[in-house]
Each structure stands twice: as C-alpha cells, then as structure tokens.
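The two complexes that follow have subunit A in common; it is paired with subunit B in the first and with subunit C in the second.
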Partner chain A sequence: MRRRPATLHRLAGRALVVLLLGFLILPAAVVAIAAFNERALLAFPPQGFSLRWFTKAFDYRDFQIGWHNGAIVMLAASSLAVVVGTGFAFVLDRYRFVGRGLIETLLLAPLVVPHFTVGLGFLLLAAQVGLMRGFTVVIACHVVLVLPFVLRSVYISLRNLDRRLELAAESLGARPARVLFTVTLPLLVPGIVSGFLFAAILSFNEFTASLFVTAQRTQTLPVAMYNYVREYADPTMAAMSLIFILATTVLLTLANAVFGLGKVLNVDDGR
Partner chain B sequence: MQRRPFLGLFVTPAGVTALVLAAALFAVLQYSVRAQIPGSLEVGGFTLENFAAMLRPLYGRVFLTTLMLCVATAAISLVAGYPLAYALVHAKRRSVKSLILVTVVTPLFLGEVVRTYSWIVVLGNNGFINSALLKLHLIAAPLELLFTVTGVTIALVHVTLPVVVIMLAAALAHIDPNYRKAAMSLGAGPARAFLTVTLPLSAPGIIAGFTTAFAWTFSAFATPQLIGGGKVNMISNLVYQLGFANFNFPFAASLSVAALALTLLALWVLRRATRPFEQLGQH
Partner chain C sequence: MAAEADIAVRLDGVTKHFGDTVALKDAWLKVQRGELLTLLGPSGCGKTTLLNLVAGFLSADAGELFIEGALVTDVPTAERDIGMIFQSYALFPHMSVAANIAYGLKTRHIARDEIARRVREAIALMKLGGLEARKPRQLSGGQQQRVALARALVIRPKVLLMDEPFSALDKNLRQSMQVEVKEIQRRLGVTTIFVTHDQSEALSLSDRIAVMSDGRILQIGTPQEVYRAPADRFVASFIGEVTVLRGKLAQIEGDTAVVALGASRVSVAAAPLSGVSISSAVDLFVRPEQLRIVGDRGAITATVTAHIYQGGHVDLYADSSGAIGRVLVRVPGEAALHAPVGAAVGIAPAPSGAVAFPAGD
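Let's turn to the complex of A and B:
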C-alpha cells in the first residue's frame, strides 16, 4: 500500500518533465512540418508536400550573401577572440598588475550590457571614425561580444593545468618561450578549441548588435533572415530555420559525445 | 631571466580590445547628452533634454513593460526549470541524461531570429496552436497570441529556460546527497527533505538563474519586435526605432544609458536582497 503514492509521484514527475521538454521542442517540430508545406501560406495541417522552399532558401540572393558574410565575420572574430582571450586568461591566471581588474571588468561587461547598447555604441564609434560601411566594425563588435566565453573556457583549462609540468620543463633548462609552446599551449588545446567553437557559434548567430553595425553590403545571415521575415510570410524562412535547427542539433549531439556537454556546462554530479 | 614572462605581450591585445569597447560605450554616453539636429546625423550642443523627455508617460510605459516582462520571464523560467534541472541531475540512465541535456541546450544555440520565427509559426492566427484547437473544436475563434504580452512571454521563456536549467543543475549537482539522506533518516518525508534541505542548498543556482534570465530578457530585441509586432514594446525596440526610423541617435543613446543604469540597479538590488540566501548555499 505504501508504494503506490510514490509511484504516482514519480509518474507525475515524469509527465511534467516530458511536457516541459515538449515545450522546448515544439517550435522546432512545427517549423519542420511547415517547411515542407506546398502552399505559400502557412497552414496546419500542411497542404501537399514540397521541397521548393529549400530550393528557394538556397537561391535567395540575400541569404547567399548572408552565409558568405557570416562566415567571414565568424572566422575573423573567433580567431581574434581566441588570440586576445588566451593571452589575457594566461596573465589573469598568473600575474597581478596595474589595470588588471579594470581590463577584466570591461572585457566581461558584454555579459551584462544589453547587445543593443553594444551595437549602438559600435555604430556611433564607427560613425565618429568613418568606418561605417566595412567589415571592421562588425568584426570588432563580434570580438567583444564572444570574448567573455573564450576567456572563461581557456581560464578553466589554465586552472586545471598541472604547474609541475611547466616547472619540470623549466628545471631542465627550457626558456619561457619554449615552455609556453611545448608544454603550456599543448595542454590548453581543449580549452582553446571549445572556446573557439563557442565563439564561432555565438558569432554566427548574433543578431541584435549585428543589426546596428551591419550595412546592406556586410549583413550577416541572421540580419538577412530578419529582413526576410519582415517582408515575406512564405515558408522559405521555415526551410532556413529547419536547416539551422538540424545543423545545431547534430553539432550539439556530436559535441556531447566527444567533449561531454555535462562536463563543459558543469552539471555532472560526477557519477 | 624575466620574472613575469609574456606579461606585456599578452596584456596588450586585451588592453586594446577593452579600450575599443570603452570608446564605444563612451560614444553612447557622449551622444546621450547632445541635442538632435532633425534630418541630420550630426549632433548639436550639450543638453539634458533627452533625459527629461524620457519622463513622458509614453516612455514610462515602455520601461514598465520591460521590467514586467523581465521579472515574469525569470520567475516562470525558475518554476519550470527546477523540475527539468532535477531530472537532468538525477536521471539514472546516461542516454536519458544526454537526451534531456541536448533538448534543453538546443534553443540556446538557435539564434534569436530562427527561434522567434518558429514561435510566429506556432502562435499565429493560422498557426499550429490555433489550427489544432480549432480542429478539435475546443475554441470557436482563433486565440490572440501574436502581438500580446502572453505570446512575447512564452517566446522569451523558451530561451531563458535553458540557461536557468543549466545554472540550477550546476547547483543541484554539487549538493552532497548525504545531507538529504541524513534528513530522511531522521524521519523527514521526501517533500520535507526537499523543502528544508535540497531547495535551500540550491539557492545560489536559483539566484544566478533568476539574475541571468532577467538580464537576457532585458537584452531581447527580435522577440518583442516580431512577436510583439509594435503592440508590446521593450526598451530595445524603442532604441532601434528612434535610431533607424527617426534618426534621433542622441535620444536612442540616452535611452540606452538609462536602460543600462536600470539593469545595473536591478542586479544590485537583487544581489543585496538575496545575500542571506547566498550564504545558505555555501555548505
């Protein structure tokens, strides 16, 4: 007799979790269905099956430019962020110096300062120095926005690094540069790689600040998609969204299998 | 032998980056106290007019809507996120754990535009929810979900929920299960053990989750813009509209400054108010 309420509880708990997961999946599932709709007007259940919206998504000029610009900005911004972030994480981990706290506060500020404020700031700054139309301002803005995540990722790697390995190399006569390149950096590779991946994903998806700092010629994919949604209501965006959703899910599942997302996000209880 | 090798070499790029960001934020501050010259991107002399104009009821309402949406979104995410985080941490099978984790994390990586568009398809008059409810004869006319506070809140919770789950799960994962066992061995039922042991010990996760959800919602733009459709406006939408529709960049800048001050104030109040709970979690 005493068993039953516990089982009921457990069932109710499970139902609740399934319901909440359903809420998280719902938009992706609905968009997946809408993407194959034959008609131009969204309707449920969909009328007819068609792949033409996918063709249209790939042929649409602004999206093609968006993929291209997004890739340029993503590669440039994440590479720069990794260089800046790795160096600063290193000195943050080891040295005290004048301005340490100030630089750290500024570089972590984009976690709290809304993206529209950062975007507006870079737009106004670009206007002042006459760099309004190029990629420079877009890339600079993205570097600042993704840097906190690179910093965190590399910093955690540095904290977990066994300093005795460096001391061993040093005591065997290695100069600081040699220790850095043959011991420290190779041990930091996981942190640097995951920092780069984080930065790349965030940069490629960044929207609000990009809307402020991109021009017609430099617009990234999210900006192009936003403009499309404002102008057209056909399922081309559904097709685009489905491509994004599938790519993201595959990448995350892979990352989970290789790195163990639970460990990266610090939610494993160590069992 | 240098005592601090690479210090200068490694600090310089970070210093330059910090300087550029400082210059950008300073530009916002600088524009916020300048007069607008209608029809021009050039700005006039010093003025505090922009900040005075913000006191008009029209803008007060936008500030209020923004704060309300931030609090509601953060609170709903906490309540809905707790069971998910609990299930994530205590799932016995590896595959179930991975399934929950990937499902929870995916919305985070989709980007605001794709996520918002998906919700338009779900919430619209011909959208999924209304079509389904109409087919089942549960409603006679489509529900108004798009262009309402309810619709905007639903779509905002969709992205804050994952963050809150991750933060709660991190807190829950680090609670020593022996505390709970001790409480239960002393006669506490599961409910009592949860309310008096697990819940207080997860306080740091609750606070971090609420704070982050609040700040993220404050920063949201595409969701209120597209799902609110001009009927539900947040500060971000007003800033964009002032800049790109009215070319009134000084006023847009002053709103950003006020918004930033408001965020910092809200986060500070939150931290002060929750300090006693923070200590609870440091076992």
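Let's turn to the complex of A and C:
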C-alpha cells in the first residue's frame, strides 16, 4: 500500500513528459503531414498523397533565388559574425574598460532590440548612403542580428577556458601568438562552431528584419515565402518547412558527430 | 655562503601588492643550483605569489629577480626557460601525451628527430610507455602528473617550479610520487622550487625549506634546522606537532638557557630569549618525541584520552587541565601499555632538544 503514491507520481510524471513533448512536436508534425497533400490546398488532415510540393519548393523561380540569396547572406553574415564576435569576446573577457558592462549587457541580451527596429534602422541608413539594392545592407543587418549569439557562445567558452593552460604554454616557451593558435583557439573551436551554427540557422530563418532590407533581387528565402503565401495557399509552405527541419537536423547531427552536441550547444559540464 | 655561480634563482627584495594587500614583502632568497627548496606556509602566505613571480606570471612591484645570474625581472615567461607543474597539471586536453611532452621542444624550434628522441627519453624516464597516443582525460591522476613532469623536464629547464603538485592525489599515490619526484630531481640535478602547505611533505622532500607567513619569509633552513631550531613561535608551531608549556627562565649561560618547568629543567638555545630577565615567564615548545610518560611527578598531569597505534610507535593524546590543553606524546609501543586510556599520568619534557621563546599571551 505504501508503494502506490510513488507509482502514481511516476505515472503522472511520465504522462506530463509525453504531453509536453507532444505539445512541442505537434505543430511541426501537423505541417509535415500537410506537406504531402495531393490537392493545392493547405489543409489538415491531407487528402491523397503527393511529393509535388517538394519539387515545387526547389523549382519555383523565386524560391530558387531565395535559396541562393539566403545561402550567400547566411555564409557571409555568419562568417563575419564569427570573426567579429570572437574578437569582441576576447576583448570582453580579457580587458577591463569603461562601458564594458554596458556592452556586455547589450551584446548578451539580443532580445532587447526587436528585429524590425534593426531592419528599419538599416533601411534608413542604407537610404542615406545609397546602398538600397545590394547584399551589403542585408549582410550587415544579419551580422548585427546574429552577432550576440556568436559572441555569447565564444564568450562562455572563453570564461570556461582554464587560463592555466595558456600559462603552461607560456612556461614552455610559447610566445603569445603561438599560445593563441596552438592552445586558446583550438580549445575554443566548439564554442566558435556552436556560434557559427546558431548564427547560420538564425540568419537563414530570419524574416522580420530581412523584409525591410531586402529588395526584389536580394530577397532571402523567408521573404520569398512570405510573398508566395500572399498569393497562394498550397502545401509548398509545408514542404518547405519539412525541408528546413531536415536540413537543420542533418546539420546538427553532423556537428554532433564531429564535435559532440554537448560541446556544440555549450551545455558541457565544463570538463 | 655559496659562490654566486652556484645560485640558480635569486630574489633581491621582491615585493608584490594586490590592491591594498601585500602579497609578498621584501623577499630575499637564494636558491642553490640543483637543490629542492620548498616554500611552506598556510594559504595566503605569499608562497604561490613568489612562485608566480619566478615564473613570470606576475611582475614585481619592487626588487630584482635573477635566474642563473641573468636579470629576468622584466623578461616574459616564454623566455625564462622554466618548467612549471600546476596543481591541476594543466595538460593540453586537445593533444596526445606525446604532443603535450613535445610542446616545449617545438617552441624552441628543435629538429624533428631530436624532438622525437627526447620525447621517447622523457616517456621512458616517467614510465609512460604505451600511453603516447592517449589524451589527458584518458589518464589516471598519477599518469597525468607524470605527463606534466615529463613535459616540464624535457625542455631541461633552468628551474622547475611546482605548485602543490601532489594535493590532487590520494594518500598512497602521493607518497610514492613524492619519493619518485625526489629521486628524479636528484638524478637530473634540476633546481626546484616547490610550493606546499603540507609541512610533512616539506620535511620529507626538501633540501631546504623557506617558511612563509603573511607575505614574509620567516626562516630558511634545512628540514632539521627549521624543525629543531625554529626562528620564531610561528615556525615552531607550524612545522611538526608541538606542545607549548609555560615555564620560567632559570638561568642563561653563554649560548644555553635553562627553563624550569615544575621539577624539570630543560636546556634550550639562549638566542631567542635575549632580553628576557631571569625568572620571567617563557614558553617552551616541545615536540611529541621529546615528551615522556613519567610517574606522578611530571611537569604536567593529564588524563590519557586516546592511543593512535602507528606501528613503530604510539601517538598518545592526553588532556591536561589548565591552559595547556591537549598534549601529544610519541611513545614506544610497550610504554603506552602503562598509560591506558583514562589513566592519569605525569608527562615530563626531555632535558634538551626543545626551544623556548618569550612568553606570548
């Protein structure tokens, strides 16, 4: 008789876990299923089975441009953010200066400034200097948006880095540059990769700010999708979602295989 | 005094502050070539600061530092030719054992086959054969320690610096590593500065000990000297077990003073008692092995509270009423039988061997 409450608690706990998981997965599952609808209708449950919306996701001209532009912006913005963010992280970790606290707060709390503000800001700036039509403004805008994530990731890795490793390298005769390239940076790789992945995923998915700063020629995939949805309501969007999810999963799985997910997501126990 | 050429490390009046606190105050020290000198003291005494100054991890606020006769006060760590052993070993986690050991050779741009040869030598010396390709996290604590030693020694440093290197090891491993390190240090003849707060480790390993407290070096001497002839009350009580007994100065004659303790007379060195007048109170610092269990006419009467069997001898703890408190007496096994737990015993100091200082409060 004394065991029953414990069993009940355990059952209730499991039920809660299942409910939570279901709640989290539900929207993605509904969309995934709707993607196979045969009819040109975004509906659930689907009627019939077809793969033609997947084909369309790659064949539609605006989407092709969107994939292409998105990839350019993603790679350029993430790479720039990694370089700038790593540099910033070093400065924040290693130096004490006036305004350091403010910068730390701003850069580590990206939610304070909304994306549409950043987009609007860049739109106004671009109009001033006449950069309205190019990728420069889109990439610059994305760098600002993803920088905090890179910075945060590298900064946390730096905080967790055992400084004695650098001292040990120095004691063995290594000058600062050699210490940086043989000890510090190799140990920061998981943090840098994690920052890059976050930045890449975020940049590729970013819509709000992109809507302000992209033009017809530079529109990224989410913007192309938005323009598409305003005219059509077929399951192409659902197919696109599934492709996004699969691509991200593959990316993270690869990262996990190479670096270990704990390290990549910076949830390592610090060992 | 040793000739200047035999001095491996010299500190001339080195001072270091952290903000308002003085971490090291006017330290003068000469470490002889090939010796193992221990910096011993409680945490916060400045011993690690001194070590970090020699390593170049910190820069001195005042004073000069010399390694092998060369002024290095402002020379960066990388150019000091030192070997450093950290408490946490600080092995590079992304490198194999062999790469860790080779690191200091590569920074010196030594030819590749020479590096390979010296790494092999170091691996043989530290008995690390078969582990060359392992990563540090795949090694036991003792093995990591060996890799750290191999990495520091393979560069043939002018001075080896060790910061509490054994504190992370369990007791048995610690003792065997102590013996091994001592042996290797002597065999290679590498000058070593060793930091510890463990006085028994200091006594067993060191050629000389520098006892530190509050940022000052209080005494530098062989283990025998600091144990038998401590320079002050702090050194006397920090090193080894000690019982403090309040007595009276009975006489001073030349270098020898006599302290009266009840019916007992104890001869001590007179130097620490200069300026104390006859028949004023002095404190006698007595080691456990200098105390004996006697009949009821001892200088102290106490109740035996515990026997700690140590194999060759018994550590007998007794509680004395009054200011003395707990007394530790080291007695041969059979003598302990005559003083069972609970018995009232008399304890008397040996007639010589103790030290006395002016009475404290």
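Please note the rule applied: the second predicted complex is superposed on the first by the 227 of 271 C-alpha atoms of A that agree within 3 Å, B and C clash if a C-alpha of one lies under 4 Å from a C-alpha of the other, contacts with A are read in each partner's own complex, and residues count from 1 in each chain.
Here is the rule we go by: a contact is a pair of C-beta atoms (placed from the backbone, for glycine too) under 8 Å apart; a residue touches a chain by one contact, two chains touch by 3 or more.
Since the structure is predicted, the reported quantities are computational estimates derived from the model, not experimental observations.
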Going by the contact rule set out at the top, does A:Thr136 touch subunit B (first), subunit C (second), both, or neither? neither
Quick one: is A:Arg178 in contact with subunit B, with subunit C, with both, or with neither? Answer first, second, both or neither. second
Between subunit B and subunit C, which one contacts more residues of subunit A in the superposed model? B
Would you check which partner chain A:Thr208 touches, where first means subunit B only, second means subunit C only, and both and neither mean what they say? first
Which partner does A:Leu165 reach: the first (subunit B), the second (subunit C), both, or neither? second
Touching partner for A:Val17 - first (subunit B), second (subunit C), both, neither: first
Using the superposition on chain A as set up above, list the residues of subunit A that contact both subunit B and subunit C. none
Give every residue of subunit C touching subunit A within the complex, in rising order. 55-57, 76-84, 86, 88, 90-94, 103-104, 107-108, 137, 151-152, 155, 161
Residues of subunit A touching subunit B in the complex: 6, 9, 13, 16-17, 20-21, 23-28, 30-31, 34, 41-45, 83-85, 87-88, 90-91, 94-95, 97, 99, 102-103, 106-107, 109-118, 120-125, 127-128, 140-141, 143-144, 147, 176-177, 180, 201, 204-208, 211-212, 222, 225-226, 229-230, 237-238, 240-241, 244-245, 248-249, 251-253, 256, 261-262, 265-270
What residues of subunit B sit close enough to touch subunit A in their complex? 2, 4-7, 9-11, 13-15, 17-18, 20-25, 27-28, 30-31, 41, 80, 83-85, 87-89, 97-98, 100-107, 109-122, 124, 126-128, 131-132, 158, 161-162, 166, 169-170, 172-174, 190, 215, 218-219, 221-222, 226, 236, 239-240, 243, 249, 252-253, 256, 259-260, 263-264, 267
Residues of subunit A that touch subunit C when the two form their complex: 162, 164-165, 167-175, 178, 182-183, 186-187, 271
